[in-house]
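My questions all concern the structure below.
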Amino acid sequence: MIAAADVTPTWYLLLAAALFAIGCTGVLVRRNPLVMFMCIELMLNAVNLSFVAFSRTYLDIKGQTTVFFVLVVAAAEVVVGLGIVIAILRRRPSANADDIAELKG
Amino acid sequence: MLNVIWLIPLLPLCGFVINVVLGRRLGDPKSGLLAAAMCGAAFIVTLVTYFDLVSRPEEARQHVATVFSWIPVGGLSVDAAFLADPLSITMALFITGIGTLIHLYAVGYMHGDPKFSKFFVYLNLFAFSMLMLVLGENMLVTFLGWEGVGTCSYLLISFWHTRESAATAGKKAFVTNRVGDWGFMIAMFLAFQAVGSLSYSTLNSAAMGGTLVRSTATAITMMLFIGACGKSAQLPLYIWLPDAMEGPTPVSALIHAATMVTAGVYLMVRVNPVIATAFTWAPAVIAIVGAATALFAATVAVAQTDIKKVLAYSTVSQLGFMFLAVGSGAYVAAIFHMVTHAFFKALLFLGSGSVIHGMHHEQDMRRMGALRKLMPITAGTFIIGWLAIAGVPPFAGFWSKDEILLAAWAHPTNPALFKVLWGVGLFTALLTAFYMTRQVIMVFFGQARWEDHSGDHGAHGEFKPHESPAIMLLPLVALSGLSIVGGVLNLPFTDSTKRLFHWLEPLVHFGEIEGHASAGEKWGLAVGTAALCLASMGVAIFVYQRNRAKAVEPQILVDGWRYDRFVSWFMGNPGRQAFEATAWVDRNIVDGAVNGVATGVRRSGAVLRRTQSGFVRNYALLIGGGVVLMLAWFLLRAVGVFG
Amino acid sequence: MIEVIVFIAASLMVIGGALGVVLRSNPVHAALSLVLTLFGVAVHFVSMEAHFLAAVQVIVYAGAIVVLFLFVIMLLGVDKVEDLRTEPMMRQRYLGPLVGVGVLGLVGTAVIVARGRTIVQSVEGLDTVGHDANVKQLARSLFSDYVFAFELTSVLLVIAVVGTVLLARRPNKGLQAAREKAGVNA
Amino acid sequence: MHLLLSPMQQTDRLISPSVNWGSLTPLLVLLGAGLVLLVGAALSARGWAKGLYATLTAAAAVAAGVLQFVLWNSTVHNGPKPLVGEAIVVDGPSLFIGISICAALLLAALVTDNYLRREDIDSPEVYGLYLMAALGGLVMAASNDLIVLFLGLEVLSIALYVLAASHRKRIESQEAGLKYFILGGFSSAFFLYGIALVYGATGTTRLRGPESIKTVLALTVETDKHRALLVVGVALLLVGLAFKVAAVPFHSWTPDVYQGAPTPVTGFMASAAKAAAFGALLRSVVLSMPELRDDWRPAIWVLAILTLVIGSTLAVVQTNVKRMLAYSSISHAGFILVGIEAAAHGGESGDRGIASVLFYLLTYAVLVSGTFAVSTLVGRSGDGAHGLDSYRGLGRQRPVLALTLTVFLLAQAGVPLTSGFVAKFSVITAAADASSYAIAIIAMLAAVIGAFLYLRIIVSMFLEDGDAEGERVSIPFGTGAAIGISVAFTLVVGFFPGWLLELARDAATRLY
Amino acid sequence: MSGSNSFPILTALVLTPAIGAVVVSAVSKRRPDLVKLFALSFSGISAAMSIWLLCTFRSGEAGMQFVSKHAWIKPWGISWNLGVDGISIFLVVLTGLLWPIALLGADAHHDEKPYAAWLLVLQAGVMGSFMSQDLFLFFVFFEIVLVPMYFLIGRWGYEGRVYAATKFFLYTMVGSALMLVGLVTTALLARRDIGYMTFDIHEIAAGSQFAASTGRWLFLAFAIAFAVKVPLFPFHTWLPDAHTQAPTAGSVILAGVMLKLGTYGLLRFNVFLFPEASRYFRPLLLTLAVIGIIYGAIVATVQKDLKRLVAYSSVAHLGFIVLGTFAFTSSAASGSVMQMINHGVSTGALFLMVGMISERRHTREIAQLRGLQKVAPIFAVVFTVVMLSSIGVPGLNGFVGEFLILTGTFLTARWWAVVAAAGVILAALYLLWAYQRVFHGEPDEANQSFRELSVREGLVLLPMLAAIFFCGVYPKAMLDRIEPSVKALLAHVEEQTGYEEPIPVAVPVSEPEHAKDKEHAKDTEHAEETEHKEGE
């Protein structure tokens, strides 16, 4: 067992969990779609943190490689997401998520 | 000749078919005459058969003619087969005989009716059914006839169907009969289960051979009796018969007096070995119901004003006598009374029909009177009928009624009960003499009350009752003759004069209960009864002819002890309500449950729909909630909470 | 010891930034808080000796993505302050954090339960000697085991480009009109 | 356990995995077609001739499909095999689902051509995105690595986000895109987190084959030390996939997105995306983690029942046909989950389950594409006439079209002599074989509830008086062809399902 | 399993109407006159073929005849497996004959082409249902008939047609949903005993050994489906709605043959495949049947709509059939089979005539009708005959079936039979009362112009009347063909459950009786022989 004072991967994992939870909460409570995207980015970062932590635990590079892919995905998502927001703002005065609720039932 | 007994029912059937196809073209009166001819032909065939049978030795007087296998399934094998034996031929004789007369009468009576040929279609169909009933070798063929006559009765009662009351009466007759049919059917099931056959010979020989269990025999007896009650208008199922008078009068005469209503009695006599095997309370019940019906109907007849209603109640009452005989074990007496009753009651009905005909369809006796001068032949024959039914010697009714009373009086096994029943019977006989006298007086004697009401007859400027045509009078005359001499069939003086008894003996010897009465007793009873009947007639004359005393006709008797009214009320109110309630349950509970499921789905859909609020954050929350639950399940399993 | 301090400091950055993203009502502020978090994460990467990733994190995330966010916010003027004090759907306010807490609690429990019970102990290990080793290994992994995935990312980026073109392009009418004009002119 | 580690030779030479290009051809065809289309369109100033994009896309779809048949044949001879360093595999289920996706792509391309013209949208990008999305779907269904699976999922999803939002004139379209995007990103994050945790628990992201999750679990499930992390990871994987297949309670995006998205896209989503997602579910959980089935099978069970019941119940109260069909697709997802549940039992009945899922996916893909093709036509210009009213009088106006829609709807309701019935039957057979009677009965009852909504559409078409407002529904060639193909397939499979059942059975047993 | 006939008549019987439907729907819009011609000729061909089938059917044989079996869906062991035996032959013939009658007897009023096409599709489906010897195939037909019927009710029905059609469709579907699970499970479980997967009912019945509890569950799954279809109380409420709202031809067919799918299914599948469970659930089914008899009659009595009344009468009549099915005596079961036909003829004719009434008067409400007998006496006579047949008057067909059922039931379930017999009273009550209200009395102005039976209508009704009389007078012709199969079925039950059918022993009195017994013994021997063959 590593000494208590040592920073073990578990610490990182817990931090990641917390970050993930905050991001998750953010998606649920925020109304601005851009901020929601940001919160999703927070969640992805939490995942990245976990991957690196596991990679560290196993002394295995795959976890880090995965982070690389996640970064790309995040970038692509943001680009498309912003594109959608822009498209919406062409037609509507606001992009508040709560205002976009025509489809329901 | 016995092999062709199937011809007997076939001939009226042919008449039926011909009239169905060609009736309209033949028209009035040819189709009627054709029908009568067919019936007459059947009578002739029956006669021939009768003589054939007579010519045989006693033990060979039974013949089964199988036409084809009707319903062969599993253990059940029912043939379309006819049985020629003394009982069935006796029945067939008077059915075809009286039937022919009534057919003839009807040709006159129905003259001018737009549905003339249809009437004879029905009448021939009825004759066919009735002959099937009595000639059937097994219960199912009998049942075929049994239902057939019921159907014809329905059709004929509601013959003038545009009249609401006629339509209702027809329906009532059918449905009430059906109640009895239920009993008949159960009896058949019982018989089949017990002896594996519906054939009378099998059943009766099982009863005589002791292979029929006593309780089963009792059950069969009671169930058949229920059937008989329906068909023969016994309490509590008699209610249809008085209403049946809505039908044309020949129908009343043929069906509701002479033939169909006696089918119940015939059936009981047919299975007399079974009755004999049953517990002794079973025949006692039959006797009690018979006596009670006789008395009940007689009391009601006393107060009726409709000429046919009086006769209807009288019929019910007389049928009660027959059942009293059956219950007493005096089967021959029952048949004897049936035959004589057929004679005089047909006569009375036809007479009344003649009166009605002459009175332009007026049936209320209060609007008649003094008709004997205008309708002498009708009056004369009617009076003969009256004397016969009233039990005046030597007319036919006296002999047969006497036999029945004697059997009740001398019943060996249960004297106390049967003495009471004898008393009831005697009293009923007196009442019969009384109300019949009342009727004769009201119709043929006294003052001509119809003149007061002639204005009611609307279009008829001049209203004058007239005598009926010859074709109607001929049967009256013939029947009056039979009513006079009918007694000779079974005179009790010496053993050899008991012709009917000897004729039927092979069939009833197992069931017949011989009473032990001394000759003195017999004479005393006969003379006493006759005297009392005459006295009763005297009282009636005293009341109605001389007007010396006020007629006692309480409303409750007019209403038939309100029994009929009660039944109607019951069917119309609580019964109807119960039916409506069931329909309500069907609509709202049974179907409601089905629709409720649909509504439930729709409602829950509407509720669940609210989760689909359109707000993306809501959706995310739903997903988040799902995530938490999912995580919780898996984690709890991992740490071993769910094993 | 220093590791612990670095961890705590960086974690404070991460959490603080994350809270900032969630709680700051101005989207610009939120974006800037996101930068804080990203930097914190980068620091953690460094302390876990994922140097290359740390660099990419800063360049791609903080450099590109957040700038993109800010650009869109400013360009489209969606920097309206979001009123976080009122909440049209109150249950969202209670249940949202509850979900967060639930996820944290459940995943955290799992992490703690599984603490130190990883399958594999160090055998060959990551080369922690030279910084370039990390890059090398990453590259090796990327172009051997994950070469298919790597190629897929290219598809992903193509989609992102095409998608943005499709979404952000002005409606046809203008285009067509312009073309027609050009045709007339020609 | 060290053998599980990826080799880290300290050599400078990079060992690239060998690439069997032949087996990659279906993917390459799709990718190539997409690139040709996009580049070509960008280079030509005036755009291509009308219908050429669609033709190219359809041709690519057909080619990819045919190539997969060829691969199937080689699989039969040489057995299933992994590709590109075990990133993906070519085996029965992957090819079967791949063919389903190609079929969906073909039908979507045929329908979209006219749609875009009608709606006056000139966009080669749309076809490019279709092709890319199909590519992502193929990868998902064939992936043998969670990372690859994730990337495939993202390729598919991101393309669909854009497609959903691509109708610029319909405000609902953008709303659908945004909702899909936010929720999709949200659930992707969960899925990804799940990958991380599974990786953390097992040290690998490979699914099957040597050094894979399956082998790790087979070796270590007894010791059970890392279960907590692992199962939490699995839970999150399931969440991500359940979102994609639209299982309740992760379904909430479906009705809004299906309704809002351009109708041909909706058809494509309901067919291709669903097939791909179920393929991924099969690969990642069902086939790779059989040792954990006691953990996840009950979850699938509950998901299936919720999906069936809630999907069909909510469908009943809808008045918009696209939305109805969305809920009905949720209900169908429940049905397929029943098959997954049966597949979870492993052994022969498990194979039966897999086969039933595969069969269902293919038939449903064709069925739902056809249904939405009709819906596209009825939607008329502006793609807005989707209320039940819009179908009124179709039976008189366009009897053949109405009749084909009736066939589709009855097939979805599971009326015999249609592919839908055989699909339901095979799922129920699998469930019964696995002794999952309760779920089978619930599924059938939910199908009855679902039948109500199909009947409502039929009522509108045939049984109500009056005609719908708006222009007369026109039937252009491409869409007509798509509908024709779908209806023919639906009926042929309905009457003679034997060959396809055998094919699915074959696929299920020919696993890598 | 005999019946090698070069011409696959059964397949032809299914395909002819199906092809007819295609042909009819291909008729050009410009030639509407051809629709009726084609429809009639195709249904006429199937009618002729069904008669030919009846003529060549070998009476006295228990097994399947005219068998035509071809593999269909091999992976599941499903085959196109058609055959007829005594239980189904008359249903097939009735199906063949009823369609020309329905087509001639009632018009569509609008959209004649799809109407005729749907009718023909329906005929194909019904034919197939009655002939299928494969569970899956049966289910396919059983379910497919819903679609044409749904359209017939929904499109050509009366005011509440959509509700009624939907209810009909969904209610029946609930039942078949359970049945589907049941039949799949049956085949899967039987596979364990047989060794391979098959849906052939004869193979399953011969080879499978279900555990008692399993058999009971499976029985229930089938029984509920059939109970809905029959319909058995309390699953009957779709029927009045469907009947009332359906167009005349729909009602005729629904009552004539489609309800028989339920009773036929109970006999063919439930009793045959799950004899033990059938014995176990016997009291339940008997009770429901008896409740149906009484309840249906009571509710019928107070109906205000003539069609609804007849519909409820169907509930009562079908109760009799179910009663006979679960009495487990050969007479009751034969009676049931016969009663299926009888009810089809009589109630079919009743619906036809009620349809004629509503056609003329545009109302089915009893209160609106009055005195029709006076203005249309022939019509009234025909109605009376049909009504009497429905009431069960001896000499007409209805009686024979009911009597056999009750007699047979009495042997094994005495009290049920006693109560059920009371239903006979009620039958008279509701029909006569309705008859009185509609036909008796003085016609008012609206009814004064009621048209008499036309020649075409008469011709349509004539075969039905002939059947009513013939079956009542000479039921032997039918019973000879029905009984061997029924006996074989009961023998199967006896063999599987150890049950013994009580056969009352006739006490021989006279020699003709005796001779007949011998003949009977021969018959039963024969039946046993064929049974053996089947067993092998």
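Read from first to last, the chains carry the letters A, B, C, D and E; within each, the first residue is number 1.
By our rule, a residue touches a chain if its C-beta (ideal position, glycine included) is under 8 Å from a C-beta of that chain, and two chains touch if they have at least 3 such contacts.
The UniProt protein names, listed by chain, are A, B, C, D = Unannotated protein.
Not measured: the values here are computed from a predicted model.
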With centres defined as the mean of C-alpha atoms, identify the chain lying farthest from subunit A (Unannotated protein).
B
Looking at mean CA positions, which chain is nearest the middle of everything shown?
E
Ranking chain pairs by contacts, what comes out on top?
A-C
With centres defined as the mean of C-alpha atoms, identify the chain lying farthest from subunit C (Unannotated protein).
B
CA centroid of subunit B (Unannotated protein) to CA centroid of subunit D (Unannotated protein), Å
78
When the centre of a chain is set as the mean of its C-alpha atoms, what distance in Å lies between subunit A (Unannotated protein) and subunit D (Unannotated protein)?
26
Averaging over Cα atoms per chain, report the distance between subunit A (Unannotated protein) and subunit C (Unannotated protein) in Å.
6
Centre-of-Cα separation between subunit B (Unannotated protein) and subunit A (Unannotated protein), whole angstrom
95
What residues in subunit C (Unannotated protein) touch two or more of the other chains?
89, 92, 95-96, 99-100, 103, 106-107, 109-111, 113, 118, 120, 123-124, 137, 140-141, 145-146, 149, 153, 156, 159-160, 163, 167
At which residue positions does subunit B (Unannotated protein) touch at least two other chains?
598, 609, 612, 614-618, 620-621, 624-625, 627, 631, 635, 638-639
Find every residue in subunit E that makes contact with two or more other chains and list them.
170
Throw together a list of every chain pair that touches.
A-B, A-C, A-D, B-C, B-D, B-E, C-D, D-E
The residues of subunit C (Unannotated protein) that touch subunit B (Unannotated protein) in their complex are 89, 91-92, 95-96, 99-100, 102-103, 106-107, 109-110, 113
In their complex, what parts of subunit B (Unannotated protein) are in touch with subunit E?
64, 66, 68-77, 115, 118, 140, 143-144, 146-148, 151, 154-155, 158, 161-162, 164, 166-168, 170-171, 174-175, 178-179, 181-182, 185-186, 188-190, 192-197, 199, 201-202, 205-206, 209, 211, 576, 578-580, 582-583, 586, 590-591, 593-594, 598
Considering the complex alone, what residue numbers of subunit A (Unannotated protein) touch subunit D (Unannotated protein)?
13, 20, 23-24, 27, 33, 36-37, 40, 43-44, 46-47, 50-51, 53-54, 57-58, 60-63, 65-66, 69-70, 73, 76-77, 80-81, 83-85, 87-88, 90-92, 95, 97, 100-105
Which positions of subunit A (Unannotated protein) touch subunit B (Unannotated protein) when the two form their complex?
24, 27-31, 97-98, 100-105
Residue numbers on subunit D (Unannotated protein) that touch subunit C (Unannotated protein), as the complex places them:
1-2, 4-6, 8, 10, 14-17, 31, 34-35, 38, 46, 83-85, 87-88, 120-123, 125-126, 128-129, 132, 135-136, 139, 145, 147-148, 151-152, 154-155, 158-159, 161-162, 165-166, 168-169, 177, 193, 197, 200-203, 216, 220, 225-232
